[in-house]
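A single structure is presented below for examination.
Should a chain be cited, it is by its letter among A, B, C and D, assigned in written order, with residues numbered from 1 in that chain.
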Amino acid sequence: MIDKTVPNVEAAVAGIADGATVMIGGFGRAGQPVELIDALIAHGASDLTIVNNNAGNGDTGLAALLAAKRVRKIICSFPRQSDSWVFDGLYRAGEIELELVPQGNLAERIRAAGAGIGAFFSPTGVGTQLAEGKEAREIGGRRYVLEYPITADFALISARKGDRWGNLVFRETARNFGPIMATAAATTIAQVDEVVPLGDIDPETVVTPGLFVDRVVAVGERPWLRDDVFVGGVDLEGRALEEENR
Amino acid sequence: MIDKTVPNVEAAVAGIADGATVMIGGFGRAGQPVELIDALIAHGASDLTIVNNNAGNGDTGLAALLAAKRVRKIICSFPRQSDSWVFDGLYRAGEIELELVPQGNLAERIRAAGAGIGAFFSPTGVGTQLAEGKEAREIGGRRYVLEYPITADFALISARKGDRWGNLVFRETARNFGPIMATAAATTIAQVDEVVPLGDIDPETVVTPGLFVDRVVAVGERPWLRDDVFVGGVDLEGRALEEENR
Amino acid sequence: MTTRISRDDLARRIAADIPEGSYVNLGIGAPTLVANFLPADEEIILHTENGLLGMGPAPEPGLVDPDLINAGKQAVTALPGAAYFHHADSFAMMRGGHLDVCVLGAFQVSQTGDLANWSTGAPGAIPAVGGAMDLAIGAKDVYVMTDLLTKQGESKLVAACTYPLTGVGCVSRVYTDHAVFDVADGAFVVRELFGDNTIDELRELTGLALGATEGN
Amino acid sequence: MTTRISRDDLARRIAADIPEGSYVNLGIGAPTLVANFLPADEEIILHTENGLLGMGPAPEPGLVDPDLINAGKQAVTALPGAAYFHHADSFAMMRGGHLDVCVLGAFQVSQTGDLANWSTGAPGAIPAVGGAMDLAIGAKDVYVMTDLLTKQGESKLVAACTYPLTGVGCVSRVYTDHAVFDVADGAFVVRELFGDNTIDELRELTGLALGATEGN
């Protein structure tokens, strides 16, 4: 019997070595595997290269990993946010390296890694600072730059439900980078709100087929989803909800 | 109100001009938009370039379009099948041009067209006849050849259900090329078994979002799905079911 | 004194130019306001690059769902007919030219349609690009929504951008608080003047040889 | 006279080498037989490139579903835990190295692991490649299942392929009706002999300087 479920988040992050490249799903807070990140902090791996769209929000999750000085370098599209004070401080102090990638190129480079594509010509970023030094080419009258895959040793992602084969479904815009990161890492670790029996997920609706997933851990209802309050998020006016609830 | 549904297959295929490039979904019979192809034959467009995985089965659908001498060229991965006698005859008579593409490169080239990728390096076909004359490159110790997108003027695809915004869900392995062809054509025309009210398709399970689809036409239950007999298909031993039922 | 219309009026003006059935991405910040002025009786489908097509308005207070946000990380809703997808698929929609309109903010727009909106190039600033470069090339029409002048009174419409570029030759139209400009053949052409603005005044404010459409 | 095991026995032999939990693609034709010998009490997940992971056996007669077929266009079923996906995603699984094992037929395999299985290069033949070239590079291990000799008695194991190639240096192991061969460092190494076959006989049949593993 195939059973990719592991009993707890400690077991889920086992084997992540110092110096590893780790993709972490999420767009801001949505889809961020906070429980796995907390376990990674406790696990202790350091000198990490992190791939994420952002560079942490508030003081939890990815921001806490950064605050613990475990991250040597971050590859992302949008580090600077209203609540990215942890990253901001480290960056200004020269304590973290940043590789800035346009968001769509980040996504496509991750997908390319999972799909076995050696490199691809993208029109995004042509003629900008972020394409400097990259191979350029005109194809069919349009200009492109050559972009290479981004691979990782591990991917930590968050999904709504999973089964023991590793099939996953996501929830709303928390899907974001999870499905593509799952394809691009040597070992993919998924936290899910709920593990369901094999066969419960309609085969027509599986978003991430189990072959991309190595470990599944149930974390229960995510605490920052409770009471209709987006813990650490922003309200309708963009103010931090945490502030309001303090 | 957005309403992409059209009343009948004649309206669905309107505007397909002589000389057009038309992608046709399906893998063998599964997912082949037979009713749209029949309408295309009646519509009369000729000198077509067709993109499909195969080159027609039996005497219906794509095979009938070929038999009507409407196709100048076919781009596909696997023309020769046990029941591809129509194509076989035309090819041997020099009456149809063939561009043979490995199936995964065919799929990825179609996806690249829809995703705005200028070209990509694929490891498939390296060192073979089908890569002759193509730009090759070694990246990270592996050899690749450069492959270009395949675009089309029209895509004809078959889906299980659609709504008036053009959102589609498919059925089992009939999904195959439909979702990627929908992204790669200037105009995408989907036949569906059933048009459902907007909102009936769970947003988590939409396979082809409506922005890729221009026209939706309900064709009812497909006749070759009836009575549990795969009309024109093969049985468990690979024999043509049509033969058995004649 | 030249007329300057309000942010809301500018958003209303842009909304009026978006036909029913369009697929539209509204950039973070002021462009988001455009959604408030789309006609309630027409269907215009909003895309947010973090994986949703058919985005609806902000939820009622108390119904905030942390998994359902827009690219600005604000709470939103999903309309009947919506679809969720992952980031590679979402940016394929943009890069592949499937959106009709993107509305973006700007630091500068050049008369050849170059856009600068992601970095002022200030030393010590933390760079962050997000989806800006993808959006800049990611629609059939890229509209810019901006004040004509900076707070210091400098024109944001320029002969050539001095700030780091977001995209080259990508902007098709600029909606400012003074006037609407089309980018055509390497020049700004005044499409519409607001209030008592005149082309000559705009030429003075921008320092550019602006073209005029008939009637302006 | 050398021993030649049956197709079914060869399929059984291959099945025995596939560990539980493997993701496996079985090529059209003889390799499909391997499915019949996978242990019923173990979970081995079959991929078919036309968009299904978790493929089950053929349906009962009368339950044929025309939308549910394998790459050979035969009716199949889907197991609990299955997933459907489109062609680009399906071939991304292969090309991206996510499958553990592919089992393929062959016209020829060279001692450097080149595979020829899609075309005999015969003049006038209609070329058709399907997914052969993708499968050839599409798994961590590519196993070939074939008779050692053609009907004319020529070895399918060769120093260099004379038929058009499907893939270069892609085959890791060849299961034949006479013996099992590993491809290692530019040579075939006999891994297992069936029946009364000897290495010397196989050297004579193939004309190749075959290596031997310990015990053979």
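Convention: contacts are C-beta pairs under 8 Å (C-beta built on N, C-alpha and C of every residue); 3 or more make two chains touch, one makes a residue touch a chain.
On a predicted model such as this, the values are computed, not experimentally measured, just so you know.
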Intersection of contact partners for subunit A and subunit C: B
Interface with more contacting C-beta pairs, comparing B-D to B-C: B-D
Between subunit C and subunit D, centroid-to-centroid distance (C-alpha), Å: 55
Subunit B-subunit D separation of Cα centroids, rounded to whole Å: 28
Whole-Å gap separating subunit B and subunit C, where each centre is the average of the chain's CA atoms: 37
Junction residues of subunit C, two or more chains touched: 52, 78, 84-85, 88, 91-92, 94-95
Interface hub residues of subunit B, defined as touching at least two other chains: 108, 111, 115-117, 122-123, 170-172, 204
Graph class of chain-chain contacts, one of line, ring, star, complete, other: other
Inter-chain touch pairs (all): A-B, A-C, A-D, B-C, B-D
Residues of subunit B that touch subunit A when the two form their complex: 108, 112, 115-123, 137, 139-140, 142, 144, 148, 169-172, 202, 204-205
Interfacial residue positions of subunit C with respect to subunit B in the complex: 20-21, 23, 43, 45, 47, 52-54, 78, 80-85, 88, 91-99
Touch list for subunit D against partner subunit B, complex: 48-52, 58-59, 61-70, 72-75, 78, 84-88, 90-92, 94-95, 114, 119, 124, 126-134, 137-138, 164-168
Touching residues on subunit A, where the partner in the complex is subunit D: 1-2, 111, 113-117, 163-165, 167, 183, 198-199, 201, 203-204, 206, 209-212
Sites on subunit B touched by subunit D in the complex: 27-31, 53, 77-81, 87-88, 91-92, 98, 100-108, 110-111, 122-130, 143, 170-180, 207, 224-225, 228-231, 233-236, 238, 241
